[in-house]
């Protein structure tokens, strides 16, 4: 009877990939805790890049900052 | 002062139906727990069918599987 | 197949009241949108008073401020 | 390592405003609780006006009712 | 950078089982979508049985109803 | 009318610190987006350390791994 909410940035995840997430999480809950797959609900929220922050920055800027830091000088 | 989040699959719920959900939940909380309607907040999330899983399957496939099982032979 | 999360302050809601919330929300979704009660999931989160804010104040202070304002002089 | 979810009505918040929310919340958690900005995640959900209720009404109607009440006679 | 929230009924899940959920979900997101495990956050909410409803009933009653139905006569 | 949910690990945050979070987030939403503090709701969820994962590990193990890595040899 679990409920799982997966939140990711909206970046072209395919229906097939979402299908794999749903199947994988449901299987994990059955294997780990014996939860009944029939009543396991999974929702996936795809969040716009402008609406996701990490390190105090929108994710796009955060990635750009990481890339700049890792670049060879 | 309650906060209620209703998550449903995105399938053409009308503004009038959402209005009924908001009114109904708010009234239920007032009647059951004496909560003040003025500060009761309700949000409705409509989730794409590909992003909702049950029984380890995206909901569309889950429904098709149920329909096939129930069909007369 | 809806999922509903009800968040209220933790203030001695009884099992019977929570039962009424679960039944009422499930019935509302069936009546309004034709949702199947068998797969409607409802969770209730009871949040400590210190952890709930409104009007920029923890809810206890907010209530005290309202009460002071409404008191006869 | 905190996770913050900010839900607002969808009403033309700009990328710059969302940037300010992300920066501000992350800074607040660092200042108040010493939380590491590097692992603070913030998501912003913009909810359609029809899907947000307060006072038992969709927010647009709620605002119209407030405006009518405040109008001079 | 995903955020995953797993909600289950509070029924003696062990620290080891929760560890398996955290590891399993993180690995699934890496394998399926290439998400970086270092910034994948997982939270597990254990919800009291009285606070979890399905089929319009608190989960304990729902299970009792199912058991009665399945019992041999 | 915003709703903000702040999730942190349960580690002795004081009522005064939570008060500062509530005040700070409410003020941020007013300053950045002009949101009315009177109807801004903030909830704080304190999650047990065993129930919070990052980097594929429960947070306590994750911190221990980081500390070991950073330790002088």
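For reference, chains read A, B, C, D, E and F in written order, and residue numbers begin at 1 within each chain.
One rule holds in what follows: a residue touches a chain if its C-beta (ideal position, glycine included) is under 8 Å from a C-beta of that chain, and two chains touch if they have at least 3 such contacts.
Treat the numbers as computed from the prediction; the structure is a model and nothing was measured.
Enquirer: Please state, in steps, how far subunit F lies from subunit B along the shortest route of touching chains.
Expert: 1
Enquirer: Compare the contact pairs of A-E with those of each option in C-E, B-F or B-C, and report the one where over half match by residue number.
Expert: When the residue numbers line up for over half the pairs, the pair is B-C.
Enquirer: Could you grab the centroid distance between subunit A and subunit D? Build each centroid from C-alpha atoms only and quote it in angstrom.
Expert: The separation of the two C-alpha centroids amounts to 22 Å.
Enquirer: For subunit B and subunit E, what's the span in angstrom between their mean Cα positions?
Expert: Inter-chain centre distance comes to 20 Å.
Enquirer: What is the distance, in whole Å, between the centres of subunit A and subunit C, each centre taken as the mean of its C-alpha atoms?
Expert: Result: the chain centres lie 28 Å from each other.
Enquirer: I need the residues of subunit E touching at least two other chains; which ones are they?
Expert: 1, 3, 7, 21, 25, 39, 41, 43, 45, 52, 54
Enquirer: For the complex, which residues does subunit C have touching subunit F?
Expert: 7, 45, 47, 50-58, 61
Enquirer: Quick one: which bits of subunit E touch subunit F in the complex? Just the residue numbers, please.
Expert: Of all residues in subunit E, those touching subunit F are 15, 18-19, 21-23, 25-27, 37-46.
Enquirer: Would you tell me which residues of subunit C are touching subunit B in their complex?
Expert: Those residues of subunit C that touch subunit B are 1-9, 13, 17, 20-21, 24-25, 28-29, 32-33, 35, 39, 52, 54, 59.
Enquirer: So in the complex, the part of subunit E that touches subunit D is made up of which residues?
Expert: 1, 3, 39, 41, 43
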